[in-house]
Structure formats: C-alpha cells, structure tokens
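Have a look at the structure that comes next, please.
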C-alpha cells in the first residue's frame, strides 16, 4: 500500500515538471513582415460601427480603419481624403465634394457615391427626433451629381467641414458592429475580448502619401497600468500611449518617452444647481483656494499646461492663456468671499470621482488638501465609471466631480456648447444668459474673426463667473521602443498607426 | 512535545498583536503629522530620522499613514468578522440544530452566497449606500457568513445527537436554551479558531477590495489601498510598499500564530 | 536461558521523558515466560502493567522513553536490537491485541486488507495463498460468513466481531507470544466469555504463550496458570493462580481478591454471539 | 444514483438563486447599461429607444424568466458592449481560467502533501519551524501583491517568462502553459500553505490514534504506517478544505488575471460588471458558480469514496 502512494506522488511531480520544461521558451513573434504591439488601457468594449462608437478609446483606434471625405492631420487642419477637392459656398450653406475615383473598400469593392450618401444620410437622418450624430441636425439634404457629392445645411456654418471626417462605409456590410469594413490605411484582422485587437496593412490603399508602413498592429489590452514598465521592458509591448509618469521614469534607454498633451479640460466641475455652488462668490472662493501649479506638481510632476477656461492649447486661435491668471491663489480673498457669501467658517461637500482615472483621483486629493486651508471640507467619493456616466453625467446627481472633458471634433463649439443653459449635455446645470447670447452670436457669425471674438467672450464669462475650478490640460507621455519611429501627437483622441515606421 | 510548540506560537502571536496595538495607539497619541497632510517638498522623501518610513508621492508621512491604515484595516476586519460570526452562528445553529426544511433552504441560500463573487456583492452595497468603509464592512461581512455558517452547522450537527443534549431535552429545556447554553459553548473552540482565520481572510479581502478601488475612500489610508497605490512606485520608492506590507504581514501573522495555538 | 523459556524480562525499568520532570512508571519488572504458558498480569489501571506489555511488544517509542534492563527473546535483547530486526519480530513472533476494538482497527480500510497485512510484511506469499490463509484464520476465530466480513469495514461490525478480527490478525503469523492488553474490558459479559474461550482454544491448538493483562481477577483466574500482581509499577506478588487465590500473601492482593463479585461462569456451552 | 440526482437538483436550485441575486443586484446597482452603450453624447430620445429595444423597462421578474428560458435553450444573448454572441465570447475564455484553476489545484497538492507529511514526521526540526514561519508569512500576503512579487522575481530577475507576454492557447499551447504556470503559482501558494498546516495538524493528531499502534504492532515501518494507514485518514479534512480553497482560488484568479494581464473569465467579469453588460455577467456567473458547485460535489464524492463511514445517502 505504501509504495503505490509514493509512486503516485512522484508521478504527479514528474508530469508537472515535464509539462513545464516541455514548452521551455516563451513564444517569440515570428509573423511575416513587420509588426508592432501597442498597449491600450481598456479593451474596445464597444460596437465597431464608426457611427455608433461611444468610447473615445474605440474612436482613436478605428481612425486607422475608416477614412471620411476629409481627414485631420497632426496640426488640426483638414486634407481631402475620399474626396479629391471640396468647395464651401460663400453663404456657408452648401459643401461640394468631388469624389476620388478607384478608391477601394477593405473587401475589395469600389467606393461608390451611393456609399458616401448612405454613410452621411445614416448619420443625419433623424431616428426618433434626433440624428445619429448630434451635429448633423443642421443638415438639410444631401445629393449626388455625377462624381460630385453636395451637402446643404439649414443654417450657415463655416466649421461644418470638421464633421465631414465621418467614416464612409459600404452600404451592404451585413454586420457593421462586429466586422468593420472601411477605406482606411489598415483593415480589421481579428479581435479577442480583453486580450487584443489586430489590424493589418490594407495594400491597395488609395493614398500613397498616407499609406501604412508596418504590416501588423496588435492593440494589446494592458492588465495593470501601475506595473506596465515590466511589460515594456520584457518586450511584450512596443508602444504605450498615456503611460503613467511613474512607469515612464523606470524605462531604460532602448525606449524613448515622448511628451504631448492629453487634449482635455481637467477641472473640478461644480454642479451649479447644488447649493452653495449656485452662488458665484462661493465658486470664485474655491478658484482662489485651488492652486493648479501644486496639482500639476503632484499629479504630473509639474508637466501639465494650466488652463483658465474650457478650451485647451491644441485649439490654437481660441486658447486664451491670459485667463490662467484670473484666480491666482489667494487664501485671504477666498475666505473673504466665503464670508460674505454667508459661509464664514466654510462648508462640506462631496467630490465624486471615477475610480479608474488615477490622475483625477490624485487631483481630487490635492484639491481637498488645498480647500482645507480655507475651512472647506471636501470628501472624496470613488465610484465606478458606469455609475459616473449615469449618476453624474446624465442624471446630474452630484455636487462636484473631477473629470477631463475632451472634444469630439476640432470645433470650438464642441467644447463650449455644453455650457449653454438649454443644451442636453450641460451636466453642470450652468445657467448664464450672457453666455447663451455670446454663444449664439458665435454660431451665427460668418467671418472667422467675428466668430473667434464671440467664442473668446464665452470663455471669458466661464472664467470670470467661475463656472468650474479649471486646472490643467494633462500631459500625455508615450513610451516607444527605439526599434520604431514616426509617432505623431494629434489634437484629438487619435492614434495614427499609419505614421509609424521601423527605425533604420 | 506538541504543546511546547503550541505555547511558543501563542506567546509569539500575542506579542506581535500587542506590538501592533501599541503601534496603532502610538499613532493616536504621538504628535505626528496628519496622515493626509500633503507637502510638495517631501515628495518621495527617503526614510530618515525626521520621516522614519519616508514619504509617499504626495509627500504624506508614510509612518502616520501606516498607523492610521492599520487601525482602519483592523476595524474593517473586526467588523467583517463580527457580522460574519453573528449571522454565521444564527444560520449555522438553526440549520445544524433543526435540520429539515429550514436546513435545506438556508443551506441553499448559503451556497448561493458562497458561489456569489464577493466583488459583485461589494459593488452592490457601494452603489446602494455610496462608497465608504461601512459599506465594505457590510459587504465583506455578508460574504463571510457562509463559511462561518458552514463551520457552526458542522459543530451543531455533531453535538445535536450527543447524549448531553438528549438529557437536557429530557429535563424539559427549550430548544433555544439547549442551543445557547449547552451546544454553543462546546463549539466555542472551533468558532474561535474560525474567527481568527476569518480575521486574516478579512484583512486580505480588504486589501483586494482596495486594489479594485472599492472600500476606504482616499485620502484616508488603509493598508490595502496603500499597497495598491505603492505598486506603481515599487522600484522608485520601495519603502512605500514595504512598510504597509510589513504591517499587513505582522497583523495577519499575529492572529495566524494565535489561531495555530488554539488548534485542537 | 533455560531451554523451554522463550521470553525473559530482567529488571525492566521504564522512565517517561516527555514531561519536564522524568517519571518512572515501571520498576525492576522480571518475567520468565515458558512456551505455551498463559501468564496473567493483574493490577489497577496505572499500575504499569500495560507499559511493560508495550515494552515487550517493542511499541514504546525510543525517543521519549528511557528503558533499562533487558528483554531477551530468541537470544536477542529487544531493547537494543536494530529497528529492522525488531520489526521482523513484531507481528511475526510477538503480536498484540488491544482493549478498544472500536478504535484499534483502521476505519478507512477493509477488514481483509488489515488481516492480510502481516502476511504482506513478513512473507512473500502470492495473492491466492494469502487469501486462503486469511480465510482459514477468520474461520478459526469462529466468525460466521468470513467471505462477507472480509469486504466490510470496521464500523459495520460489532465489538465482539472486531475483537475476533484483532485476534485473527495477531494470530495469522502463528506467533510464539500473544500479548492481550485487557482484550475483554470493552465488551459485555457474554462476549467476554467467548473471547476468553477462543484464546484458550488457540493456546491449546497452537501452543502460543499468552500474557493476559487485566484488572478483572475472575477472568484471570479462569484463564491463566500463573499470575503477577502489580501496584504502582512494582510486582507485589507472583505465583501459580491457585496459590495466589487461596492464600494471598500480600495485603494488597487480599483486598483485590475480596473485591471480586461472586458469579460463576459456565464455560461449557459455547454460546454464539448474535 | 439517487444521491447524485438530489445533489444535481440542489445545484440547479443554487445556481438559479445566484442568478436571481445577480438580477436583483443589477437592478439596484446604479449605472445604466444603455448609457454605457450609447456613450455620453447620446440624445435622451435614442436612450429611450434602446431601453425599449432591450426591454429594460419590463419588471425584473419577467426579464429574469425571459433570460432563464433563453439560457436553457443555450442562447446566452448578445453582449451589450461587444455586440458579440455571449456564448462564443465566453467559451473561448473558459479554458484560460479553467487551466489556471486546475494548474493551481495540482500545484497546491504537489507543494502541500509532501511538505505536510515531512513536517509532521519531523516535528520541531529546523525545516518544520521554517515551514511554519514561511507558511504564516505567505498566507498573509494579499494575492495581488504576491502576483507582483512573482512577476518581478521570475519575470524581470530570473527572466523565466516575459511579464505580460500572455500567449493564447490557440496559438501556442506550450508557451500558454508555461506562462500560466506563474499566475497559478501566485494563486496556489497561499492556499498551499494553508493545506500544509492542515495536513500537518491532522497527521500529528492521527499519531496517537489506537489503530496506529495496531499497525506498528504488525511490524510496519514508520513510512509504512504513515503512507499505508495514516495518510488516508489524515487527508480527509484536507479534502474538505480543497473544495473551499478552489472557490477562493477562482476569486483569487480574478485579481491575478489583472496583475499578469491574462484575458480570462475574471477580467471579462470585472469589465462587464463596470459596463453593466448583464448578459455577459450572468453567463460568467452561471459558469463560475456551476464550476464551484460541481467541484464541491466532486469533493463530496471523493470524500465518501475514501471514508466508508460516510454512506452515499448521508
């Protein structure tokens, strides 16, 4: 009896050791042609239909698969893509696009004007009483004239070109949600939930100038961003956008860490309908108490760019750096403002923060410490991202929150429309008559100078009225293995893989 | 031979727990920096005389945070075990003693909670009552009920048809009286052991919860939260992970050795 | 050693060491056992009778038990020979049965495996031969339907049957000496009589010497030819059964005999247990 | 056979109860799946349209039964966020978590049994002391932290595996097993230490049982008694512990999958919970609780096979 049990145990040990030794080396990458593994913090838990995409993380990857009539370049200008050229009528009501010939979709079929009309109508024709893409409610009609595609608007809009980057997709794609077919430099290869998302170079891409160079791009979902340095060093990841600073500092010299901006407005957003934030003096007191420089010192090692209103530097002509000095830190003034607003010994409020954004959680902690100096007690409440979306963003059941708001398109409107009192996305319940007037003027203005003047006026109101406690546009660090080069920063949520090349 | 090891464990365990108790108390008495006070100049200060454990990425004093953290982790574990034991005993006693239909139903509920991922339970409470320490205690407490109930049920089943129980019933003692006065004291030893082991698991569960961002809200420290925050700076400031880890290990080691010595 | 003496114990002393202060349990214990002889070892519990029996059977762990004196069996001193040599004797030449039939059998192993075990240790008989031997011994201990009993587990048998299994296991190798440590104490009276009768039968058939340990004098008087009376580790009196019972010399032995309740057991009718 | 049937029925009831719990839980949890599908710039009208389409406004009980009947027909529905058929998505991931659980289970046995036996045989020896102390320390390290330490030691220092270099089992089974060895070790270690302590304790208490003395009296060697007699009795409490340990390991795997970036069921469960992706969460929970209950049933059967005193109709 005793011999058999010992033998059994020995057998176990043998099997384990054999199976472990058998597979010895870790599999090395030997796919045909060049390939690169790009780390992404979250999987594309989203539909792959370009017109229904919800998360910014999905949009930045699908940029490589779909091309629109026009496409944006790294410094925010538009160049003709599926259209060879475009004209905007003087009254900014009609946009005419001359379609390029011989452009192919990933499934080999030709891009026809009907596909273009189908894609644009799909976004603009109202379902229920609102179109798929909000901005398209201004589209009156679309029509095809031989190889020309004409879009006519209800009201004049000089900035409408920005919305013409919408993806053009084939009309007859049976499963747009799961099998994306577009006309971009890369085509969809495969996807495995929570593991990876693979795209391959589209060989007969129409635009040689913006053609892809690297054969295969594997978007790998990173499990734990706080220890990602190990995965980079081990070669499991070659390129990692938005790498936390703590991990970037650990990388050795076969990595380069590029620095850009996250292109979002990070601020302590105050629910203006919640007492005491309905009183501008209380909001201004918080602005005086807050010190963006100290926040940047802790959260991003002093590398962020301070902002004074709801526009970040990538918006060039609209960005007003002078607004940063509206509220230079002044504890006494803050206390005074609080006193005459009826809160001599401060008050208590909650800062609700989505738990998955470490920088926002850290910012909240620094702000809480700063507010303590003027007797204001800020309790930090971490909640899940989905709860934040529904409770804070849509139901507006919150007192204050730290979040970064990005722009869906390169139009100033996409950042400022949110503060119009009647706008559906006005989650801070901001209500200022002058602001509504200024914004309306800006929308109506035809010439660029006038439009910029009114948009700047909106920004000034937000700043002086202390709609929110503005902090920074967070820095973005990108770690890239020196085997690769060519990474470019974009003003919007875009990861352009076509620009990447193998370094010689 | 055997009981010599036993009381060494007991002494060792007890001394570690006293040390930790003193350590936590010191946090309250000594004039230390407020655990949440931020200071840019002290960012990642190395352990020195002025800052025995060094400072974290916010320049906060790790020493006072570990003290405060140990206290909150200890209280959470205590609360969890308390809830787990109370309901565990009630369910365990009822099912073990009466058996029959009650046993069947409660056991199924028990299995259901057992198979139910505790993370989802924690999320449920967080969204119901808002994030915070108490919600974690309730969530973990309920997640711990099944294991206690199972142990108590086993003991009650064993004792139920023992002779002394039959005699007590002969004497006309009510079921409740028998359960509380007769059977319960007999299960105390096993229960005590389960409590100690439960305590360790509670401390570890709290650490995992903090890793997922549920539980003690920042900037207040808990050992679990500090560990999960420290993993990003593992190489740059190993002391940030070392001291909370050490405190966690000592806390669990103390109770582990104690439970060892209670082993029958 | 004289020719028909098979076991000689010379002033055996046993000292316990696992407590802080060492405690002596048996003082200069002497015994000479002839072949086929049945010796009774009598005394209250804690008088050291079990300890000396365990020492003879080699079951006292050598670490925390200091033993002085000698136990000569077949020319070898059991206290000093190597463990392997001792093991070849245990269960083969000297075997033992215990008081608690309930816990003395391994609860998770079948009866057949437990009875067959000495054969597997001490002999190299093949499976069939072993099966035959087990069947034979089980019949000898008056067990009904041995084939069925073999497949059963200890908890499925009565106390009496289990004791018979113990005896079968001990006797399967036809040992020269069988040490019985209060084998009947845990059984009720009728079964006790059957077990004693069985031991007597085995002694006569196989000429196995028996050291019968008990605190029940009436049993000892019916079974043993010679008796040693022990008190607090010392042998206070020893001699033929009749002499000890008719005119006990020591005060302590008198008190013991006076305490025997008067029941006369009729050994004749060989009642089978239910 | 009647026993197996009864056990199966209780298992189904328990799973139904678990899924009911989850349904109720999701109903109370804040966060709305529609918003996480449509995103922040969805207009209220489209939100309403999708709510009706997904029948989210029906009473909970009705939704539950609809889900239950579909589930019974094998239709696990479509994932709200991935828009992929849930069944294919999950069945592809089950082997990942299963391999980890099984590997951890065997690792635990390979580590615990020899060490448990050895330390019980040589009580108080240097090895025994170190194992006890090591046990306590390893038991007190949270799984995510032991994961990180293991990644650092085996990954960066010893370069035995590439941290984060998970290879899917479809592509290269060898390196998949190789990579999975380390997270399994991270889960198995704390449980193995517990098993060592348990086995050692129960072996020591078996020493002074009467049948051990009988075994010795038959001439068995110490090893003979240990392996032949005592191990079978001493292993019983360890087996019940193994059942519970496996459930903890599956929970632990959720955390370790995060640390070793392994796309197993745990990761999908976590992300689906935060996306309020009901069909995926429910499917995974059914699979995990089924796995857990099945194993417990298996453990009961093994237990009654070893210990004859426990009859089947217990």
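Remarks
All chains are identified by letter, namely A, B, C and D, in their written order; residue positions are counted from 1 within each chain.
The criterion applied here is as follows: a contact is a pair of C-beta atoms (placed from the backbone, for glycine too) under 8 Å apart; a residue touches a chain by one contact, two chains touch by 3 or more.
Here the structure is a predicted model, which means the values were calculated and not measured.
Touch-path distance (fewest steps) from subunit C to subunit D is 1.
The chain with its Cα centre farthest from the Cα centre of subunit C is A.
Central chain by Cα centroid: D, whose mean Cα position is closest to the mean of all protein Cα atoms.
Set against one another, B-D and A-B show the most C-beta pairs in contact at B-D.
Our note on geometry: subunit B versus subunit D, Cα centroid distance of 21 Å, whole angstroms. Inter-chain centre distance (subunit A to subunit C, centres taken as mean C-alpha positions): 88 Å. Taking each chain's centre as the mean of its C-alpha atoms, subunit B lies 53 Å from subunit C. Centre-to-centre separation of subunit A and subunit B, using mean CA positions: 41 Å. Looking at subunit D, residues 29-31, 148, 152, 224, 228, 258 sit in touch with two or more other chains. Within subunit C, contacts with two or more other chains are made by no residue at all.
In subunit B, 1, 123, 127, 228, 231, 234 are the positions where the chain touches two or more neighbouring chains simultaneously. On the side of subunit B, the complex with subunit A involves touching residues 36-38, 40, 43, 57-59, 123, 126-127, 130-132, 213-214, 217-219, 228, 231-236. Across the interface of their complex, subunit D is touched by residues 1-2, 5-6, 9, 12-13, 16, 19-20, 22-27, 42-43, 45-48, 52-55, 127-130, 132, 134, 177-178, 192-195, 220-224, 227-228, 230-231, 233-237, 356, 383-387, 389-391, 393-394, 408, 424-425 of subunit A. Taken in their complex, subunit C has these residues touching subunit D: 57, 59, 83, 87-92, 95-96, 98, 100, 103-109, 117-118, 121-122, 153, 155, 166, 169-170. In the complex of the two chains, the subunit A residues touching subunit B come out as 224, 226-227, 229, 244, 246-247, 249-250, 294, 297-298, 355-356, 361-362, 364-366, 368-369, 379-384, 387.
Partner subunit B is touched in their complex by these residues of subunit D: 10, 13-15, 17-18, 21-22, 25, 28-31, 123-124, 132, 136-137, 139-145, 148, 152, 197, 201, 204-205, 244, 247, 251, 254-255, 258, 269-270, 273, 281, 285, 288-289, 292-293.
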